[in-house]
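Below: one structure, written as structure tokens.
Naming follows writing order (A, B, C, D, E, F and G), and every chain is counted from residue 1.
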Amino acid sequence: MLRTVSAVAVMFVFWIVLSGYFTPFLLASGLASSVAVVWLARRMGMVDAEGHPIGLVPRTVFYWPWLAKEIAKSAWDVTKVILSPRLPIRPALVRFRPTQRTEVGLATHANSITLTPGTITIDAGHDEFLVHALTSASAEGVVSGDMDARVTRFERGA
Amino acid sequence: MRGYLVLRVVAKIIVPFMLLFALYVQFHGDFGPGGGFQAGVIAAAAIIFYALIFGLPAARRVVPDRVVESGIAAGVLVYAGVGVAGLLLGGNYLDYFVLDPDPVSGQHRGIFWVEAGVFITVSSVMLKIFYMFAGRQRKGDDG
Amino acid sequence: MSAALDLASWTALAAGGFFCLVGGIGLLRMPDFYTRVHAASVAETLGVGLMLLGLMLQSGFTLSTVKLAIIGLLFLFTSPAATNALAKAGMSRGIQPLLASREHESSKR
Amino acid sequence: MIDGTHLPVLQVVVPLLCAPLIVLVRGGRIGWAIATAASVFFLASSLAILLEVQRVGVISYAIGSWPPPWGIEYRIDAANAFMLVLLGLVASVVAPYAWASVRAEIPRDNHYLFYALYCLALAGLGGIAVTGDAFNLFVFLEISSLASYVLIALDRDRRALLAAYQYLILGTIGATFIVIGVGLLYLMTGTLNLADIASRLGDVRQARPVLAALAFLTVGISLKAALFPLHMWLPGAYAHAPSAVSALLAATATKVSVYVLLRFYFSVFGTTAVFAAMPMGDVLLALSIAAMIVASAAAAFQTDLKRLLAYSSVAQIGYITLGVSFATATGLTGGIVHLFNHGVTKGALFMLVGAIAFRLGSSRIDRMAGLARSMPLTCAGIVVGGLGLIGVPGTAGFVSKWYLVLAAIEAGSWVIAFVVVASSLIAVAYVWRFVEVAYFRPPSEETARLKEPPAALLVPAGVLLAASVYFGVEPSLTLGAAYGAAEALLAGPR
Amino acid sequence: MSALDHYSYWVTIFLLVAGLFIVIARGNFIKKLIGLSIFQTSVYLLYIAPGKLIGGTAPIVGAGFQVYSNPLPHVLILTAIVVGIATLALGLALVVRIREAYGSIEEDEILRAEQSAARDDAT
Amino acid sequence: MNPETAVLVAVSLPLAGAALIALARRSPDAREGATLVTGVALFATVASLIAPVQAGLRPSVALVEMLPGMPIAFTVEPLGLLFALVASGLWIVNSLYSIGYMRANEERNQTRFYVCFAGAIAATMGVAFAANGLTLFLFYEMLTLVTYPLVTHHGTEEAKRGGRVYLGVLLSTSIMFFLFALVITWHAAGTLDFVPGGILSGRLGNAALGGLLALYMFGIGKAALMPFHRWLPAAMVAPTPVSALLHAVAVVKAGVFTVVKVIVYVFGVDSIRGLASVDWLPTVAAFTIVAASIVALRSDNLKRRLAYSTVSQLSYVILAAALLTPLSVVGAALHIAAHAFGKITLFFAAGAIYTAAHKTEVSQLDGIGRRMPWTMGAFAVGAVSMVGLPPTAGFVSKWFILSGAYDAGHWVAVGTIAASTLLSAGYLLPIVFRAFFRPAGDDGGHAHGEAPMPMVVAMVATAAATLLMFVFADLPLSLARQLVGGQA
Amino acid sequence: MMFAAATLAIIVTMALAIVRAIRGPTVFDRAQAGNTTGTMAVMLLAVIGFLNGRPEFLDLAIVYGLLNLVGTIAVLKFFRYGDLGDPGEGEPPRQP
């Protein structure tokens, strides 16, 4: 039940952020819409830990900046590869076992890998990830498990 | 495509926001590019996205066929009903001025309900078209 | 003060544009499907991110900035999801990536 | 509120509201009741409007109380009041007919769809007849056309699907030409209100975009009206559609499109622009004569009675446009009265053929050997209808032919007058095809055991047939209305 | 205003002719519908391009703007788009039903099926 | 019953009769009774109009307006009354004859026969009393349509072919030319009412008048002016009573009646006399007379010979009317009656011969006079009348036509009449001679007596009428003279 | 001026993506190029919206972004499974 209320709250905030006009009619309709959307989301079975991971939000403050840095770094590497005449790519498939337990955690990990240029998650499952790496450097990056640890900490807040 | 874990998680997160965005577009027709048509399409797109990922039967459980078909009809009745309301209140058909003592808010009220009607119809039609064509393959296999 | 902001936004926009172009070029130069996805991700992450940042700096603390942030968030979630779906669909449809050597066995547990 | 002022918009709104209502209710029987009620209301309201127009001259109704030319204006003069009466009469006769005909020809779970689309088509056609706004006209045109495509496709026979598809393609091309024409007019005048366009055309009437608009509109509307040679979609559509649909469309759809041609030619562009500056008169004349001769001849060689009647429709539309091509009071009166007379006659004929198909299961002529013995009433009806198509005195067809020949003579073109009378002889040929088979061939064992179709089918057909004879013997009502319409049109843009 | 300035009209003409050509030249029913849609879209530009006022902004009231492009063509074309979709959806539904009934959506194959069916009736 | 109601009754009575006949289809006797009663009643009604018309009255009544300014209206004028009298009178006789013929030959669907017959008479009354061109055209077309089932009575393949020519020629000429002429007249004169002295005087140029006259003459297919005569021989497929109807009672009579009516009441005798553009008509009529007579001469089939005899006799009336002199116009009116009585007698005889002796060819008629004295006697009277010798009606009308031609100084006409008299003698009198003065050929031992009683009575009656009209010529004459305003 | 540069960059990238879409051998290359084009379109809308000073364009950008995602997934599913309604393996979503 708490999750539903928080979901409505998040929706209403999103509405206000979008709207920019704060007339009573619009605010009322915003609230009504939020309630309606959450009701429909519940019918779709989306208002659960996965669909509405409210708990994880505070920790994004720490995780996202790190991710941004990683993305910038690897993007620069890939840029150098693309722009160099020799196109020094050594594509490789890497399989490894993730340490996250919840689907949201796994999804975050998979997306983080995909977001950082040089690596894309082809298949993400509870017991195995399949990643395609552009260069051997990016392949090692994945295997190193550095990102895996960070995501798990993000997931469990340990 | 339920097997696609990443898609499933992302879908569960953004579908509600898509629906809310649709309603945002619906209500802000007066202030920016919005209104019934666009909102209806976005809302339908959200449900279709859900159906793509979680399968048509799941979508049919959320928005059953009967609701969709009556939505098509109900939307038109709402739209035309606003016109008739204008008629009953002494104006011509589709006259918004008479919908409220103050003509300007009468306009707002009129256009609001017309756009609501359009939203219901357009979203229902889009969904109905998707249900028919997507469902056909399924019927094709079983038939 | 605003001059510094303008300068920052110009550079962000320029960088964003540059990375977009890099991504575009990569799209054409890369030999196979999967490698092209990498190139695209450069454009879709840094290219888009920097340009959005540039625009946000331009508009300061207004409604537009918020909406730009929302677009950013949107891309943050949907872009990798789409890329993953594309790659997974491609793989399950049997498109073999060009591989330099044997697969790296995960050394860990 | 319920005094006459709101009738013009209720003509469209009532059937328009009934369509979704029927979809909501999803009942075949209730659907029929609603559709029939809507049609009868349409007729009653159209008669009231006709009387009002005869008293006042022109009725103008502003949608949403936005005064013209800003708002959408429903503008009814003698011309479209007469069209509304035709629509109302045919609709309120075909609706009862549909009860038995639909049960026989359309799968059970589509019945409610038929009636919903019936109301939609009626609303669309009513809208075309009523509106005074060019783009609104296009929208109603598409509403009625889309409803017609589906109505045709509802038939069990798979060829109905092909016919509907072909009609959709050609109909949409026609509609798009119309919307291009309207767009060009809007470009040149900055307004969409027909009367306003007419008054603003002023000196740009000869400008090239306006002439281009005239060309686009002519081709587009001719496609919708199935004016020869743009009639290719009609035979298939009317032959394979359910009988009730063929009856409704044959009597109304093409007729309303011809009205649209009249409205643009006379009320918007004006006779001088259309007939003096541009050779539209001669073009229409040539196409009409071609239609009268070629389509009638084609009808004579058909093996299916419905397809025969369809080709006959193409020919009869040629007669209507012939009257229009003279752009004189007599010519227009002849054209407009034939628009009504043929609508009524052909509606009755299609219903009768539907009644035969109800018993025989087919409308192929060679399976009707000796049918007159087992179905004397129905066959007599078809003969009377056939005489109406020929234009034998005592039928409404004669009145129209009289005015068309007179118009030709007044215009000094004796040869064309002779062609009109001569070509009605070809009608004898294709009516004779039925008479010979039904009356002279010994009944096959299949036709021998048939009995008359049920009254539910014959009575509505009888009503239209009686109308086609009554307005042949005492045509003061139709001629009066047609003459009024001709005068209203010839008054041209103010 | 040289011919080039009227580029929107050239686009309209191209789309119109291309659409009609596809409808006529192609035997596949789906391709015909695609051609028909292209033909319908030729009208959109015809209405909206002339509506654009040089220096006029998008026809939505915004602070600090006086000159707006003409909103009417936009409204009209929104309706035309809806009509286009309705026609396309109906066309596709018909093609699906035709494929079920005839087993093909190629014009010549279907006509052949029709002719042979007609011959059977006649004998 | 005042004259106005009499006119309405005259037109509606046969229709009522037709309904009565249809109702009485169960019992043939009741059905035939209804026909006869209706026939007598009709004749009485028409006869009641003689007095007022002779007193110069023109009773007229208008019904509904079919077109603005053109109601369905009736006016009784002398020519119309004369035609109506002949038609209604002969209907009675023809019915009597039909009863004998249909029963003797066991014809199928006789009810349809009598109903259509009554319908045809109603149409004929409509044509006779029509007050304007439109009403005339309405009933003229009705006559074509209602006689069609009679012509194709047997329903055989041959009947259908004959029917197709019958309907084809009559409908196409009426729609293409007659209707066209009416519209032109309406355009020129602004009215289609039949007005003594014509409505076109001074409205059209000479050439246009000539052209319009051509449209009328060839448009009125029922007058069988060549080349539009093909329908008459084609209609021989019908049973004899129908041929009698076609040739004598209604159809052709309506044709020539309309011709005379158009010339007198539309063009006006005086206004077109002497016009160069109309003098082609007598020549065409003359040609038809001679050509038809020659064909008749060479046809061995009795009914075919009589058919072509009709074609030529009809052109007598047209020729007479075309001469445009008072005497010839009176002659034309009289000839309508004279030919009716004569030709119906000949057809009755032919029918009787077929019924009794199953003979159809002239060559088979040797010595038949001894077996069928009454039939051949009547035939002789008819023949004499056709040739135009006293004491028959034919002589009276031919006398007026001849003197009319003489007045007009139209030598071609005079010559034609003389020649045709010889020709008609040539194709009719030898039959009488062969019947009475030739030894009976071998009839294949098939002994046969006279035709059934009702047929003989009918024949004798019409033969008597042919003779009586010679003796009491003043009644038809008085009506005919009124036609030209007592100038003859 | 810098806006113009950014707009140009976006347009060129879009052009490159379209070239890949045309050349791309497999359907998935085309779908991927389509996705990139869509992303660039969103940025184009955002930038042009700013260039003309109309923040409302950003709403359009968001809509375009959403529809682009749905479109790409639909194309993927059609060419991979041939049926848009097929739920595929995995347990159905828990619906109360």
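The rule is simple: a residue touches a chain if its C-beta (ideal position, glycine included) is under 8 Å from a C-beta of that chain, and two chains touch if they have at least 3 such contacts.
Predicted model, so just to flag it, every value in this text is computed and none were measured.
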Result of counting contacting C-beta pairs for B-D and A-B, higher pair: A-B
Chain ID, smallest distance between chain and overall C-alpha centroids: D
Rounded Å distance, chain B centre to chain C centre (Cα mean): 33
Chain A-chain D separation of Cα centroids, rounded to whole Å: 63
Euclidean distance of C-alpha centroids - chain B vs chain E, Å: 25
Computed distance of Cα centres, chain F from chain D, in Å: 45
Shared interface positions of chain G, touching two or more other chains: 56, 59, 62, 66, 69, 73, 77, 93, 95
Multi-partner residues of chain B (at least 2 other chains): 1, 6-8, 10, 13-14, 21, 28, 32-33, 54, 58, 62, 133
Contacts with two or more other chains, residues of chain D listed in rising order: none
Chain E-touching residues of chain B, taken from the complex the two chains share: 32-33, 37, 129, 132-133, 136
Chain B partner contacts - residues on chain D that touch it in the complex: 1, 6, 9, 13, 16-17, 19-21, 23-24, 61-65
Of all residues in chain D, those that touch chain F in their complex: 387, 390-394, 399, 401-402, 405-406, 409-410, 417-418, 421-422, 424-425, 428, 432, 436, 440, 472-476, 479
Chain C-facing residues of chain G, complex: 2-3, 5-6, 8-10, 12-13, 15-17, 19-20, 24, 26, 28-29, 31-33, 35-36, 39-40, 42-43, 46-47, 50, 55, 58-59, 61-62, 65-66, 69, 72-73, 76-77, 79-80
Contact footprint of chain E on chain D as seen in their complex: 135, 139, 142, 146, 149-150, 153, 158-159, 161-162, 164-165, 168-169, 172-173, 175-176, 179-180, 183-184, 186-187, 192, 303, 364
